[in-house]
Amino acid sequence: MDLTVDIGHLKLKNPVMTASGTFGYGEEYAEFVDLNMLGAIVVKGITLKPLEGNPPPRICETPCGMLNAIGLQNVGLKRFLKEKLPYLRAFDSKIIVNVMGNTLQEYVKLAGALDEAGVDGIELNVSCPNVKKGGIMFGTDKKALANLTAKVRQAVRQSILITKLSPTVPDIPKFAVIAEENGSDAITLINTIPGMAIDTRTWQPKLANITGGLSGPAIRPVAVRMVWEASRAVKIPVIGVGGIMNVDDALEFMLAGATAVQVGTGNFLRPTATVEIINGLWTYLDKKGISNVKDIIGGVNGESIHSNLNN
Amino acid sequence: MDLTVDIGHLKLKNPVMTASGTFGYGEEYAEFVDLNMLGAIVVKGITLKPLEGNPPPRICETPCGMLNAIGLQNVGLKRFLKEKLPYLRAFDSKIIVNVMGNTLQEYVKLAGALDEAGVDGIELNVSCPNVKKGGIMFGTDKKALANLTAKVRQAVRQSILITKLSPTVPDIPKFAVIAEENGSDAITLINTIPGMAIDTRTWQPKLANITGGLSGPAIRPVAVRMVWEASRAVKIPVIGVGGIMNVDDALEFMLAGATAVQVGTGNFLRPTATVEIINGLWTYLDKKGISNVKDIIGGVNGESIHSNLNN
Amino acid sequence: MNRYFKAEITKNLPLNSKNNLLTLFPLEPVIDPEPGQFYMIEVSDSYNPLLKRPFCCLRKTPDNMQFLFTVRGKGTALMKEFRKGQVIHLIGPLGSGYPEARKGCTPVVIAGGTGIASLFSFIERTPDSSRVIYGAKTKDELLMLDELRKAGIRLTVCTDDCSFGEEGMVDQIFMNFLRSNESIRTSCVLYACGPRPMLRAVAAIARDNNIKGYASLEENMACGFGACLGCAVNTVKGYKRVCKEGPVFPIQEIVW
Amino acid sequence: MNRYFKAEITKNLPLNSKNNLLTLFPLEPVIDPEPGQFYMIEVSDSYNPLLKRPFCCLRKTPDNMQFLFTVRGKGTALMKEFRKGQVIHLIGPLGSGYPEARKGCTPVVIAGGTGIASLFSFIERTPDSSRVIYGAKTKDELLMLDELRKAGIRLTVCTDDCSFGEEGMVDQIFMNFLRSNESIRTSCVLYACGPRPMLRAVAAIARDNNIKGYASLEENMACGFGACLGCAVNTVKGYKRVCKEGPVFPIQEIVW
């Protein structure tokens, strides 16, 4: 059976990646998961300088979801290259680094340095809802996104370039097309949706940052819809993420048009979620008599207005 | 204790309304709820001509939420005025009519006719994700929204004018300001978020319409955030809706800045939800020693980046 | 008398691996259901699953309500875990049930699988002259057989795998029955409930033989009482609500 | 040996209206916890609540793990419903526990409310010379008293409402204790767990008296094993993860 998928010139051994910010720098999961098994490891968003992040509380729960406002706490580019990347390199999995800049120049610098360091992929986070400037600005402004993608593209020679789009726009296909036209090898959808929760006993926001990003099963229908819309608009692969907890959820994204998937919040519930999904894909394909996982990508019947589906 | 709130020149006996499309034309709830108790009844979206709606299946469940693609099935303006409005008029509750047009002209016609018929309020639905043209177009285009609101405003003399905004934009405060500047008496936030679900056994979308609108507890954090953002940007009241199931949820919206709330999907789970929330407000205010419900509006501590909230 | 009420679970008896007989004690005065009407049953208060599920009442006394259910998905799997003493919310009775057969007409009842739950109380009240055809995939899935026999009606049982009763699907049995009872065509009225393909087949036979009758349909439901318009089904008179104008419709009005 | 494992619930004993003693039988070989380490316990598979909840292990034998929990919100309310035979997932042991006291130092253990759960196994292992101050709001909320007495340590019990033991909060008792034992200041090392205001008060006393020690903190957690950075707490060395560098921190390093 063939579980490999292609993202740009990268061949992944299977379509299951980790979602940035939910898998640390890989180390934290090493005792739960054989990191060699993963299609790709996407690490926590990196910035040029280290960031200490937001004050606590940084997370809270919502119905079938959670809000986070970590504030991109990370060790910064230098320490990442020195302390974290060598550890990851030891595994036979593709390493994709999520990056966030305050300015176009920062993105270019980050991407250039990581490309030079030989990471397999660079994921542009233009959709982080938890930092004040940069980031989401690029993900909601078409011109800014076009310019950013094009400039970063010039700085990246070997690594594949992925753009992780913001779900807070009315016309995701247009943003997907802009990313494609300006040189992205793939698109990741979706980042968290900005949200807020209030403690009605104390009248305090449940997060110190007041707002945070919503993730988990609650957002899955929104993510699946965006993957479906975007994958019909572009030729480059779409990587689906948002509320994937098990193989069934992963299949939903692939049927909608995702070439690969990322598991985020699902890792917190079951640290073994990624490998369970990979194993589940084998089982599913076997049961369905499908020999190549690529045959399910975009397989949803999206044409007929059918009636009486459930009966 | 004072539970009244003001929306434009309307004084509601309490801040609890029904959400359009979830309360039929009121009749269906008459045996569960004393309709006289409600702050306002917002009826199913009305169009100029009757609409037969989308083919089934029209709804499905998602984690802590549901997708619907009813397709605005409704009796049309004429039959609404003749058959439905007289029934509603018999109750001592404000009647607000949600309207949807394919064109600006249709909105103006609808609003003018309803105003003339003496309904208390008109809620412009510029955010329906389940019809092909019109609607959401106005809710995601600033110029179109400005123009629409201004034109409808001219046609409406007695009724209050509410604009129900689309949650699919990156900058909800701007849309709120546009509605305000062009004559809206209030803003409703949020309509459903477009979503999609796929049956992995059959590879069919779970809705015949393929995509639908996500409602229920899953979207509450997104709605609360938008209410908070919008209510800080405008002076007119914001009406909060999205995942309100009980009084605690309603309070969350009011603390975030909502002057009133609407209960949608919550009515399906507990047909008595609206009155339970009204009673719950009494109890809450009493317990907190607050004599006027207006004192909780926008009460969330939105300034301090506090630490160690939960401890 | 309230149509939205609480009830305590007094018994949740597994009949086989997939079917349970659920007995509830209503904690408030409730309305008696007509055959074919249904209830929305709360399966969880976790919001996942979010919505209540529709079920027909098998039998009701002032103190007891019985439901027969098949485990199909998440909601019914949770119902299998219902424990004695647990209190749940219900809405009902809801919808329009089976109209009584007119004088002189012979009811022919056709139940496939769990469709028997919808028709059971109708069968119990129907005259002895009625015919009942009841089919399931296997012998194991034939439910309430003893009770049906007691009811004194003329019962034909069949299984797809021939493990009990006659061999074949209910629509084939119905066809054979019509062939061997030419006279009944003009005097019989159908009452059918079961999987959609079965109903479609039965409806086709009815149309071909110019037989009138009723079928009970299923559709995803959000509210169950006519407010959400989510349960639309296509009929020759346009979309109708399964929960309000249905679940029982004149069989010839349904657009399959 | 797995840090992510399944366990079967063998007992869920209510101690009073708000506290239960939960006993689990691990279904896989598991690692022994150090005092102060914790486990993430799955409270529901409905995704609402979504996340596991952190709890300290009271006692562990190869076949038994005991947890003491207080019902505070939704998750712990569901734990109160845990039934014998139910199988749940756990992750652990996690985090950094209480370091042993150096030779010559007298451990002074200060537990407020459910904080006793975190310190219980530390107390069981600590030398007889240790002092334990344990306080709760009322007599009812004092838990595991008999077991603590058995442990043979010098125990002072207090309640806010004076319904049992000495009157007052643990920090007042600690203050009095320091006053009447001038000599101990130089030789004692603190181990504290309890509500944040209590810890803050204890830390202030420790600072004023130049006493070293450790406090176990709480913060909302998503993963529990260092991956999400959600459980940050502010220390003099910047943000640290309660689940990894903590939950036990040098008390003087915490920025209150």
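Each chain carries a letter (A, B, C and D) given by its place in the written order, and its residues are counted from 1.
Criterion: a contact is a pair of C-beta atoms (placed from the backbone, for glycine too) under 8 Å apart; a residue touches a chain by one contact, two chains touch by 3 or more.
Computed from a predicted structure; not experimentally measured.
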**Complete:** Shared touch partners for chain A + chain C come out as B, D
**Message:** Centre to centre, using CA atoms, which chain is the farthest one from chain B?
**Reply:** D
**Message:** Between A-D and B-D, which chain pair is linked by the larger number of C-beta contacts?
**Reply:** A-D
**Message:** How many angstrom lie between the centres of chain B and chain C, each centre taken as the mean Cα position?
**Reply:** 36
**Request:** Starting from the mean Cα coordinates of chain B and chain D, work out the distance between those two points in Å.
**Result:** 46
**Asked** Taking each chain's centre as its mean C-alpha position, how far apart are chain C and chain D in Å?
**Response** 55
**Asked** In chain C, which residues are in touch with two or more of the other chains?
**Response** 47-48, 219-220, 233-234
**Request:** Would you give the residues of chain A that are in contact with at least 2 other chains, written as numbers and ranges?
**Result:** 54-57, 63-65, 216-217, 307-308, 310
**Request:** Report the topology of the inter-chain touch graph, choosing from line, ring, star, complete and other.
**Result:** complete
**Prompt:** Any idea which chain A residues touch chain D in the complex?
**Reply:** 21-24, 28-29, 31-32, 44, 52-61, 63-66, 68, 70, 73, 216-217, 245, 265, 267-272
**Residues on chain B engaged by chain A in the complex (per definition of touch)** = 54-57, 62-65, 67, 136, 140, 166, 168-171, 193-200, 202-206, 208-211, 214, 216-222, 224-225, 228, 243, 248, 251-252, 255-256, 299-302, 305-310
**Request:** State the interface residues of chain A toward chain C in the complex, per the touch definition above.
**Result:** 63-64, 217, 307-308, 310-311
**Item:** Parts of chain D lying in touch with chain B, wherever the complex brings them together
**Value:** 47-48, 195-196, 217-220, 233-234, 256
**Request:** Quick one: which bits of chain D touch chain C in the complex? Just the residue numbers, please.
**Result:** 44, 46-48
